[in-house]
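Below are two complexes that have chain A in common, paired first with chain B and then with chain C.
The block that comes next holds the complex of A and B.
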């Protein structure tokens, strides 16, 4: 599971008002190289929740992103783009869990695949 | 030479997972038929709901391989299917973000309006309602009354997830009443076209492509009001404008 995916995942359990972001419990993180694409990054920059990405990246062991939402002018900085690219697309959570902080509900992640399946009473 | 679509010999399997069959092939044939349009469309985010063996999402990823910006999601309610999908993708050297979940639960809020291409081979077989749902292999085909139970759940979710330029490729049986589905989608502002139609011994399959059409959206409300007053004949005359081709 890449961090772009994590940024798009929210907990949809009954009764939960704002199920985003899910906390990451990282047991195994793997780095996989992905081709850099400027258009994709620029496209995604406006759609992601920055704080969730920065926090998640730190949890995954990559602490190079600014904590606060950067000004869009950073998209002209090659240095920033490389870090953004690395955090968003090249860090994979292979084993661990996604946790909803309020209730502690865990969604296990195995072989990079989160299991978001809810039981009947949670829907 | 890289393969254009998934190769059967590289598709993984599991006793509880639906193997690629006529319906899977029809859907991939539709994507192949639309290959040039898809490449010109330059989709950013693509998704398959109900990936099963991974045959379709793998084929989509291979078809769109030259678009480096594509990001793929695939979901299945069946844990084994998601694992098999993972193996099939790996065997072909392509990647998708996978989720074990019901339709798109977990992604619906944040991914709304962001999916440029969505592909679905739904559980379409008419079965007793009790057989619908669950997370075993029957979830791959059990569709309840007229085979519409799960289809009718998926369509509004697709409508929510699809971007302005989003395309939905979905497979139906004649028994699912695809005409009525197209009318329903038209009310939401979608044009529709049959890309592949195939009759096997047991089934009559239709792969239909839906896309948002601003003209339809504007006149859609008007047409529905008039249709309610004038009834069936008016609807039939409007259908010819749906580019419903054989």
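The block that comes next holds the complex of A and C.
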């Protein structure tokens, strides 16, 4: 599960107003190489919740992203783009869980696939 | 400028929409921003039937024509991956149904007429391709009949009145000239009634790379599922969705990933979800799963695969306009039934609401309930309306039960979308599926969100009623007992679909 995905997921259990962001419990993190695509990164930049990405990245062990939302002009800097690319697409959570902080409900992540399926009483 | 487009004689409904979709992608409509209708001008050759493979199309310039028809594929996919940084430069997408796009130098119903036409074609359009330092070859092709090699050579010799100065090169010539012949046919030999015998002579501007199909065919794919999408149709879907590098494509019913493979081939980043975790996470083993499908062709792995229910998707509130295209084949309930979350017995009212005790929670496998097509399509449209960027495309299959003659169906509508194409593919005598392409034209407002929420609750409250109505499975598989006097009513008022529009075309 990549951080791009994590940035989009929340806990949609009945009764929960804001289930985002989910905390990452990382048991096994892997780095996988992904081809760099400038258009894709530019498109994604405006849709990402930056704080969630920066926090999640730290949990996965990559500390290079700035904490506050950077200015869009930073998209011209190759250095920033490489870091952004690395954090967004190359950090991979193989085993672990996504935890909803308020109730502690765990969404397990196995073989890189998060299981966001809800139980019958959460629907 | 007018070009002759010769289509492969298959999937007749899909030919023009695919072409127009690629034309839109390559900027054929950008020159005139006032046109709201993104359709090209098409013309049939004199006295030709609309189902004929020959169509004239008006395109702004030759570059666009070449882009649509060609594929500049640098050796293998492996190269494209490494060079994907250069994006659009190297991946040029083929209309998979376009046999060739030609600049016609002459046409006629006999060789004498053809000669006259070619001789009167302006020299400044011909001479640049006849120069002495170029290589060329002439290919003889025919539709609906076979011309023997001896006759082909004779016809090529017959074209010697054109002043070719270059050298003949059969393997990789710079310019290819085609001499295409078609006769007039009756309707009952399985081909469309082309009507007039026509001979065309033209210079090839571009042609499809059908070599894609043997590479990607399902026969040789590692991991298959019962409803894995056929390679040719998957490429058509990806072309309809205008998949290209830099775009994010999503499939909410990903299964074995066959549709995403086609989108990834065109360079798009892909993402998929499925409610069945065994398909998405486990596959049939460590070397036989969705990831290995992508690895088999050397394609960029999907950005993410997740287990999620499209009925209750896990997207964070406020997330919208993320995907450039959503391409999918929703479960119709005929061969693969849809499922959604929520206890089956709970929704039917058999048991009262229950709580899973805490100690049993970890290993608990939640039960799923049946998911009717109406609700599935409603959820898909809602997801697409919210998550597609403006101008993004939703491409999906919609099943219809066929009346023996006509197809009079109300396609799903949504205030955010405009339907730009519908293409029928007959699956059996009884039913067919239609590929719908919708473009997002209006933003997702709070009113639309509220209406969707109310509809969602309505489906939930009336679960049993929705499952009984519109049961497609029964319609498709019920035994066929036609009334005895049905045969007399065969000559109906509406024009029935021709025999060649059977399952194979």
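Quick note on the criterion: the second predicted complex is superposed on the first by the 123 of 123 C-alpha atoms of A that agree within 3 Å, B and C clash if a C-alpha of one lies under 4 Å from a C-alpha of the other, contacts with A are read in each partner's own complex, and residues count from 1 in each chain.
Definition applied: a contact is a pair of C-beta atoms (placed from the backbone, for glycine too) under 8 Å apart; a residue touches a chain by one contact, two chains touch by 3 or more.
All values reported here derive from a predicted model rather than from experimental measurement.
Trainee: Superposed on chain A, are chain B and chain C clashing or fitting side by side?
Mentor: On the shared chain A, the partners clash.
Trainee: Could you tell me if A:111 is touching chain B, chain C, both of them or neither one (first, second, both, neither)?
Mentor: A:111 sits against chain B and chain C alike.
Trainee: In the overlaid three-chain picture, which partner chain does A:12 touch, first (chain B) or second (chain C), both, or neither?
Mentor: both
Trainee: What is the contact status of A:91 with respect to chain B (first) and chain C (second): first, second, both, or neither?
Mentor: neither
Trainee: Should A:37 be classified as contacting the first partner (chain B), the second (chain C), both, or neither?
Mentor: The answer is both, since A:37 touches chain B and chain C.
Trainee: Determine, for the superposed model, which of the two partners chain B and chain C contacts more residues of chain A.
Mentor: C
Trainee: Please indicate which partner A:4 is in contact with in the superposed arrangement: first for chain B, second for chain C, both, or neither.
Mentor: Both partners, chain B and chain C.
Trainee: Given 113-121, 131-139, 149-157 or 257-265, which one is the stretch of chain C whose C-alpha atoms run into chain B?
Mentor: 257-265
Trainee: List the residues of chain A that touch chain B in one complex and chain C in the other.
Mentor: Common interface on chain A, chain B vs chain C: 1-2, 4-5, 7-12, 19-20, 35, 37, 39-40, 43, 47, 49, 111-118.
Trainee: Provide the residue numbers of chain C that touch chain A in the complex, in ascending order.
Mentor: Of all residues in chain C, those touching chain A are 81-82, 84-85, 87, 245-248, 269, 271, 275, 277, 280-282, 300-301, 303-309, 312-317, 319, 321-322, 324, 341-343, 346, 353-356, 361, 364, 366-367.
Trainee: Note which residues of chain A are touching chain B in the complex, please.
Mentor: Going through chain A, the ones touching chain B are 1-2, 4-5, 7-12, 19-20, 35, 37, 39-40, 43, 47, 49, 111-118.
Trainee: Which part of chain A faces chain C closely enough to touch in the complex?
Mentor: 1-2, 4-5, 7-12, 17-21, 32, 34-40, 43-44, 47, 49, 89, 110-121, 123
Trainee: Which residues of chain B touch chain A in their complex?
Mentor: 44, 68-69, 71, 73, 77, 79, 82-83, 86, 97-102, 105-111, 114, 135
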